[in-house]
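Each structure below is given as structure tokens.
The same chain A turns up in both complexes below, where it pairs with chain B and then with chain C.
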Partner chain A sequence: MNVLFYVSLLIYYMINHSLLNLPNVIDRNYLQNGLSALPIGLLLAALNAWMLLSVYNRFPKFTMVEINRYLCGKYLGNFLSIMYVALTAFFGFFMFRGLMEVIIEFLMPHTPVWFLAILLISVPSLALLHSDNSVIYMTAFFTLIAAVLMILVFWLGFKEIDPVMLQGVVYHGWKMPSLKGIVASAFVYGGYTGLYVMNPYFARTSIKLTFLLFVTVGLFLSLCGTVIPLAVWGPWALRNLNLIWIMTAETFSLDLFVLERGLFLMIPLLLITGYIGVFLYTYKGYRLLSLLMPRKATAKVIICCVLVSYVILSLLVQEPAVNYRYRELYMVVWFFYQNITGVLLYVLAKRKGRTPSAA
Partner chain B sequence: MRLSRTFGIGLCCLLLQGCQSDYKDIDRRQFIVMMSLDQADNGKFTLALKGVIPQLQNSGASSSTASFDIYKTTAASLGQAIQKVRQQLFLEPDYSHLKAVIFSEQFAERNDLTRYIDFFIRRRDFQDIAIVAISNNAEKVVSLHQEAERTTGDSVFMKFGEGANAEYNPIIQLQQVYKYSLTPGLTFYCPILNVSDDKVVSAGTALFGRDNRMKMKLTLLETKYFNLLRSGISRGFIILDPVKEYGIGIRLAKAEFRFKIEQDALLCDVHVKVQAQIEDSDVLDFSPSELQKLAKKKLDSDISSLLVKMQNNRVDPLQLGLKYWSKNPVRRLNNEWLTEDYPEMKFRVHSDVMITRTGTLRFNTDRG
Partner chain C sequence: MNEQIHKVNGMLETFLENNADARKEQVDGEQGFNLYYIMSVTERKVIYQQITDPYFRYSKTQFGQHIQSIGEECPPDQLLLRLCKGQTVLIYDDRVYTIKKSLKYATRSVSTPQVEASIVGPLEAFVESMAINLNLIRKHYQNPDLRVVKFEVGTTSHVSGYLLYDNELADKTFVDNELAQIKKLTIPNAQAVSKVQQHLPKRRSLLFPRSVVTERPDRTSQALSKGKCVYLIETSPFASIAPISFHDFMASMDDSYMLPVYSYFLLVLRYFALLATVILPGAYVAFTAFNPEVFRVQLALSIAGSRAGLPYPAFLEVTFMLVMMELLVEASLRVPKTIGPAATTVGGLILGEAASQANLVSDIMIIVVSAVAIANFVIPINPMSQTVRVLKYLLLFMGTVAGFFGLTIGFVLLVGYVFTLHNSNYSLVQSFKASVSLSTKSASAGRQSS
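What follows is the complex of A and B.
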């Protein structure tokens, strides 16, 4: 059963980022950088996952905080953990603001932004009341719904693809990739970072299974997530779109008199994946902080402050393009953090070996 | 516990302040299903909206038998027109069911359509899959109530495959016009729909130049071949004799384009495959192979003329530039396609007509 939950966590990340993040970077810059970043991102993510899973499998009862402390010492270990918490908080905001954008544009255009921000923040704030168990069950449940919706959306997408544009996009897609493109591609596979908090729940995780999911589900979703919008809108028109997948789903016509637009399937899908994303990032941040802080209450106060800052920042950052730009920069920082810590922990774990208390 | 309760109640009170009634029930909305833009004086245009009156709405109280209402206004910008027309409405206009946008020929010739299409794509309440068409009198198309209509506007938006499956209606949607107008080297097309004898009739195809203004028109016969080349057709008729107008029916026809460089010139080989069937008894004086030869000759000549006509006008609604780009990894797609490569390109049409069915009668029937 734990394997299934682990698989659902990986797939959730893949669905979420291949629809929300990846097209914003790859598709918008297709004319300059093509699609080459997709396989490179996969390879780098697989390398990083292999190193980190090797380390986490050595310490099946430890979370990230304990592993960092044990391998890097108290100060460097805590610093690395705090950095990850900070990164989590930042990404939580990008997801939160992205989600708000969909709601503002398509569902509640006349509702004040401050009201929406407070309304939407009330759900992730419930993360403070959850346990690993409930979060894992919830993720698996919503991943299942998201997967069904995603299959429907992709199926409709295949029907609307312009075959000539598709052929052109594939033919001309092999150019020098950009760092941002590679990073965004690797980000899709980041579900294994759930182990930072839930390693004791999942350990030991199968590296082979992780790779298999990367190559099958991950690569398929990355390709569909990027190529379908390109083949529907074309690389030139697509550069003008704010919400790429929503606008792509808007072109899917179902039936003239029943459910006219694919948009009505896409919005629930984005709301589910986006909301679970904000919730998961809040939960991860809270759990790691509560392990770092001597008192749990301190962690709760910090997370509450972070959530309040989400509301305030949402009012300040109202332009979607600004959100995308900072999100791309964030992903580059995340990528370097992830790879540096991956190599560092892997080398230190090899040198220190397994301790009786850790095993 | 007490603290969290206080927080919860406080949050609820705070949220209630944000509740604004942007929600309107279905009976407070006017569903706009069709829109037209006709050229007016002083650079303005006339906007006409067709608003549906749902039959079940207040069915007991309403004495009206009308199924729609028309709202008209004149303005210089679409945003302004949409606001201005509200003075005539007593229900909130809902554009999410807008299924067709009709531009008048005069309007399409004078204006860059992308400026207007941009409006529809930008606004989230218009659906990007609405059909775009051209008419000699756009307002008349929108205002028409065709007798047999079951749902308001059926006479227009059911013509494109959802209802009738004809060879004369090349469908195009708002999002496609937007895409084609922004993709370098491409031009787009729109079906022409006119009103004749209180019916909406197909009247050919309008072709647009790179400046997104209407440049030329195709006749109905040319539209048939245009549709065949563009996406293939599953029903149609090839007239073999221009005087007696007999011919053979098309069961399935499609075209394929292949590009190659021959004697330093770009050559486009157009392979047309037609599965035909016998429909008229007039053709029974010929043998099947004679008919196939006649049809091949006719297709080769008509399709070549159409291709050259579009080439001479420097419009590429068949997107040959895109097709060439999609198969050629070193080629860049740009506007020079329309001015340099496309006008110099040679066409060679190869038609292959096969009579595959003779219906429920034999080919050589005994006619007494």
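What follows is the complex of A and C.
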């Protein structure tokens, strides 16, 4: 049963980032980027996952905070954990603001942003009521819905592919990738970072299964997420588009009961993945903070402050391009953090070996 | 006569003066052999057969042994309470005994289920008698591992209840927790098992029920065989089952009696009904007032055309119709059965035909409200059906303030909240298959270790 929930967590990340992040980085800069970033990103993510999963499987009852403290010592360990919490909080905001963009642009264009932000903040606030297993079950539930919607959207997308555009996509696909493209590709597979909090629930996690999912589901979603918009619009037209998948879905015509625009399949999909994304990042931050702080109430107060800052920042950062630029930068920082800590923890775990208390 | 007996006699005499249905019988004045009982809750025949007649037939030693075997000595502070519970108080040989056997409560015989109808299942339902209810359960669950633990609830009403579980299958930690919680209960008057269940969790649930209340012995038996606990209260014709999963609220007993394909079809239908009844009112407001572009053009125009003559916004239209529908449902529940159909017919006519003709509501709104009402009644367990009746207003509110966006927020919040609900270590939504013992133990182990 736990394996299914682990799979759903990985797939959720893949759906979310292959639709929200990856196209924004690769498709918008496709003429400089190419598709070669996808396999390189996959390889790097797999390497990082292998190192981290090996470490986490050595300490099946520990979360990231305890592993960091044990392997790196109290100060460096806590510093690494706090760094990750900070990165989580930042990405939570990028997701929050990205979601607001969709809502403002397509659903509530005349409603004040502060009102939408306050309403939207209620979803991550719910994280304070949850426990590990309830989060896992909830993620699995919404992943199932998202997967169904995604299959529908991709199916519609395949029908709209223009063979001429596809030729152009293949032609430019072999160019040397940029760092941002590689990082965005690796980000799609980041579901295993859920173990930072939920390792005691899932451990021991199968590395083979993780790789299998990366190569099958992950690569397929990444490819579809990047190629379909490119093959519908063409690389040239996508250069200046924001919200690439939404604009792509807007071109899909369908005859589904009461719907006739693909956009209204895409919006629920983006909303669901976005809500759960913000929720998961908030929950991860909250759980890690509650492990780091002597009192749980302190963690709650900090998370509440972070959520309030989301509302305030979303009023200040109203330009989507700014949000995208910082998000791309964030992903590079995340990538380096992930890989450096991955190598560090792996080496330290090898040196220290398994202890009775940890096993 | 010793001082304690004198004091007890005084207490009993005062009780007799204050209660017109209390009786004192002096069996033998010389020996000081007196009986006290409450006529309305005592079987007079039993008193004669078990106490009066043996007294005159047996020797003093034999009678002493007989009384020891059928009665028990009673501390003075428990005396009046036991008298109220239908026991006979017997003062004999300077000792005070109480006899349980004389208890007699009026009850009805076993009848067909009134709330949980079944097409092919047994047609027996619990009644307000613990003896009959236990008899029904033992008939449906003939297992030596069945345990029956007696408890008392209500600091003023002192009603007896039973906790039943299968010793082999039930989670012992859960059972111990529940028994500990029962001991701590401080509700003054508990007349229904659902009220007891509300107070058992550490935090009282306000919206979602934490137990399934059933009147069916077969559902009770099925629950016991899945390792769940069953609560019975003396005054209630219902049993309460815990821990439960959300799926239990959507499952009817017929599901396990009928062919699998048909059962799954009905199950899917019920979940669809649940979604429809919760979402439709909010969705109507969201899609008519905020985001009509979601629908295909023909449908959007049809809805707009239907609402053309209406003088007020969509949310008022929906609220008006929903409130009217709730009034109709309440009226049909509360009025005497003889005039119930008339009230429903009149209400239905006014709501359906007249309101539409008077341009108070659109035709499509009538379809929506009818669908919501019908879908609500499809949910087989009544407490969940009542919860859902309230939930649709929450989503209506969210749809009214922020359209489709608000509706999705409301839905995610609602689902997210349901996922947080726990009864002890058991989550409400841990397993679709309702096999609590398997999935929840592993999950709770994970939780604890984390």
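In the analysis below, the second predicted complex is superposed on the first by the 355 of 359 C-alpha atoms of A that agree within 3 Å, B and C clash if a C-alpha of one lies under 4 Å from a C-alpha of the other, contacts with A are read in each partner's own complex, and residues count from 1 in each chain.
Just so it is clear, a residue touches a chain if its C-beta (ideal position, glycine included) is under 8 Å from a C-beta of that chain, and two chains touch if they have at least 3 such contacts.
All values derive from a computational prediction rather than experimental measurement.
Once the two complexes are laid over each other on the shared chain, residue contacts for A:Pro268 go to chain C alone; chain B is not touched. Contacts of A:Ser122 after superposition on the shared chain: both chain B and chain C are touched. Judged by the touch definition given at the top, the superposed model places A:Trp236 against chain B, while chain C stays out of reach. Once chain A of one complex is fitted onto chain A of the other, the partner contacts of A:Met108 extend to both chain B and chain C. When the shared chain is aligned, chain B comes close enough to touch A:Ser253, but chain C does not. By the touch criterion defined above, A:Gly73 lies against neither chain B nor chain C after alignment on the C-alpha atoms of chain A. For the contact definition in use here, the residues of chain A common to its chain B contact set and its chain C contact set are 108, 111, 115-116, 119, 122, 260-261. Touching chain A in their complex are the following residues of chain B: 11, 14-15, 17-20, 22, 97, 99, 121, 124, 127-129, 151, 157-158, 162, 173, 175, 178-179, 182-184, 319, 322-323, 325-329, 333. Those residues of chain A that touch chain B in the shared complex are 105-106, 108-112, 114-116, 118-119, 122, 164-165, 167-168, 171-172, 233-234, 236-237, 240, 247, 250-253, 256-257, 260-261, 263. Against chain A, in their complex, chain C makes its touches with residues 290-291, 293-297, 299, 401-406, 408-409, 412-413, 415-417, 419-420, 422, 427, 429-430, 439, 442-444, 446-447, 449-450. Interface residues of chain A, counted against chain C in their complex, comprise 1-2, 61, 63, 103, 107-108, 111, 115-116, 119-120, 122-123, 126, 129-135, 137-138, 141-142, 198, 200-201, 258-261, 264, 267-268, 271-272, 275-276, 279.
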